[in-house]
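Some notes on the structure that comes next.
Going by the order they are written in, the chains are A, B and C; count residues from 1 in each one.
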Amino acid sequence: MNPQTLEFSQVSFGFDDWPHVLLNASWHVPAGEFHCLLGRSGCGKTTLLKLAAGLLTPQSGQVLWHGELVLQPMPDVGFVFQTPTLLHWLSVLDNVLLPIKLHRACTPQEQQRALDVLSQMGLAALLHQRPSQLSGGQQSRVAIARALMTEPALLLMDEPFAALDALTREDLQTELRQWVKRLGTSVVFVTHDISEAVFLADHVAVMNQGCIAQDVQIQAPLRDKSWRYSPPFVQHCAALRAALDDVSLLA
Amino acid sequence: MTKRNTPSTSKQVTLVMSAALCVCALILWEWLVRAKGISALVLPAPSSIALTLWQGLRSGYLWPHMLQTLAEWAAGLSLGCVLGFVGGLVLGEVSLVRQIALPYIVTSQVVPKLALAPLFIVWFGFGALPTVVMTALICFFPLLENTMTAVSQADAQQLDLFRMLRASRWATLVQLKLPQGLPTVLTGLRMAVVLAWVGAVVGEFTTASKGLGALIIAAQGSMDTALMFAVLVLITALGWVSYQACGVFERFVLRQTGFLKR
Amino acid sequence: MTFIQRVGFILLAVMSCWGQAQAQVQAQSGNKTDKFTVAGWSKPITEITNLLVEEDKGFFKAKGIDLAYAPGAGGGDALRNLLSGQADVAFTDPGSLFAALDKGEKLRVVYDIYPQNVFNVVSLKSANITKPADLKGKRIGVYSLSSGTRQNLQVLLHQAGLSESDVTVVVTGLLNFAPLIQGQVDATAATDTGLWVGRQKGLGEVNVMEVKNFLNVSSDFFVVREDTYQQKKDLIKRFLQAYRDSAKWMMQSPQEAADLAVKFAIDGQNPSANLEIIKLRNASSVSALTQKRGLGTVDVETLQKAARAYKAFGLIQNDLNMSEVVRLDLLPAP
């Protein structure tokens, strides 16, 4: 049984109007690690994420999840979209239980697990509210809770905090790290925000010209508020900034 | 003292203005008929229409006809809704069926139904059935069109979500597309409710011995134009009530499903 | 999903209740009596009250017949419903009958309902139309293109050497005096009852040309298909006996008929108006021939004359032998 790793092997993909979104991209995400995919807006990060999810299939090369070809969405992979994409006709609780209820009735244990997750996020009082009654930050939390409901081995996240205000974003970044580390979930987190990448990631992959140009390891003793303003943090940000600006870096 | 223009005040004001306009129009009509001496055959006065309506309701003359048309409306609407909704689902989901069937469905709408009435008599006999079928034929189309549209209204991200959750095609239809398209479907229903009245009344013109449509023809035959207008007023009232009721139902459903704030 | 399920169950319940109600109605009609449907030229109106009062008077039930009435818009409609099998007998006018026979339809005339011609052409006095020839170039209203009013208008025109192409025929529907009053038509083809009602509604001074003064062919007959005539002679006999009884009752008790028309006729709200209309129809149901040989006897000679006239006017193409079409053997004894 192969370890839970995500592997991109010489993957190429393009659209009609954009033929080389990915050009022979290779990448490796080991189990249990938090990887950020950093790049300018429109560089193809979302496309790469969708290839990992099985929502798109590569035109050449292979995407492998624990050794198997990814041709369609896999059961132990979760996805969090750019907007919460909650179903507004369901309550918060039903939204979180959606991955289960789509296929069968949910067990009392699963119901309890949903309640626990929502309590941990501070949303216990909002169980029976409709998504439209929640703030943006609360909706994002619910979307993450939904993705974590099936305890996925891999969580793919496409700039989920981009539409939120700075303060909420920082709170959610802290919480997210705690949740996924507790569960041992591998994460691929797409962002264009350098400080977000440095705060969250164990590894930051810089995407440029259709491939992963650079991989930077981030080591931090503690991922809290003090980390955000420490010298190593600032140095990492500067280095990544330089990497993003450097057009000469090719695969 | 400043006047506060709260929302409820302005709504009351518009209601009063609307009612006043109606009353003015009626007064003008009454005066015109009396002053110009217009024959009752040509244009009866509102007062004679009101009197005919009142007498007809009080004597019990109008009730059996109303109930007949109401029953045909309900049955035709139910049949049309089932056809329209199920048809819309199938045509919305299966593009091959849509490409094959849609030209015929559109043709069925373009053909004037009244012209089909003699054929309906041959196929369905006399009585309520041809009227029910005609009503269904007239009112199913808005629901079909709107359901077809509704099914394609889920956005790409929602569809991706359901793909990620590995939902079956049926689950995606029933748990995403239909709820997402509910407002559109309900709009189609509202249109069908109104059109069904047209179908029921027009269907009765040729095929029925009882009902408001049959009454219109009979009133023409006995040259009782006031009765004809009275029946039209009745049909209008019934249509308006059912439209409002549908609106209430629609708002209730949309509130329950989170499309409207409670 | 639950919402849709709920809606689905409600719909199923409605449909099954409807179906059950229909089944009950059919069961109640029983099989002791024979079903017999009359295809009429109108909705169930006061003129035919004797056909509508079965519930109270039971003339047809007494002869073992479960009577049904199918409405129409003109004699042509009635014949079409007869020929398509929707009805067993048609209440139709000679013009429509000739047209159908001309096309080769196998029909039999079994009863003369109104031996008097009740049709007329009415115009406002101001139009100065006093004879058929005055109709040339005028706009004339008719009930419908398949109605007796149109057929009889053609008879009137051809009497004066005119045809439909010399006038403009306008379909006015049943509310045919309104366009006359408004001046949208110069004359309108109507019936005696229509004219009476029009006069009540303020028609004013009019000139009336009665078709019976030119060709007194009957207004309406009972017509059956050839196959019905061959196979269900007894049933037709019983029907005609029952009809005659009902017609006699209407003649003997017009006030009672007028009162019942309030309940059974769709246009019968006013009993005194009903009485006048019933009296007019009673008068048109009798003639010298029916006095002698009983209600419903067909005057074959006049009918043949009419068929010849229709051929002469070019309204039909073929010669019709009415003595073959008319069958008086099913008429009850006087």
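Keep this in mind: a contact is a pair of C-beta atoms (placed from the backbone, for glycine too) under 8 Å apart; a residue touches a chain by one contact, two chains touch by 3 or more.
No experiment lies behind these values; they were computed from the predicted model shown.
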Looking at CA centres, what chain is most distant from chain A? C
Which chain is the middle one, judged by CA centres? B
Could you tell me the distance, in whole angstrom, between the mean C-alpha positions of chain A and chain B? 50
How many angstrom between the C-alpha centroids of chain C and chain A? 82
So how far apart, in whole Å, are chain B and chain C when each is placed at the average of its C-alpha atoms? 35
Where does chain B touch two or more other chains at once, residue-wise? 175
Can you list the chain A residues in contact with two or more other chains? none
So in the complex, the part of chain B that touches chain A is made up of which residues? 157-158, 160-167, 171, 175-176, 179-180, 182, 257-259, 261
Residues of chain A touching chain B in their complex? 50, 53, 55, 72-73, 75, 77-79, 81-83, 85, 87-90, 98-99, 102-103, 130-132
Note: in the complex, chain B contacts chain C through residues 39-42, 56, 59, 61, 74-75, 78-79, 81-82, 118, 121-122, 125-126, 174-175, 178, 206-210, 214-215, 217-225, 227-228, 253
Note: in the complex, chain C contacts chain B through residues 1, 3-4, 11, 14-15, 18, 42-46, 68-73, 77, 80-81, 84-86, 173-175, 177-178, 181-182, 194, 197-198, 201-202, 266-267, 269, 273
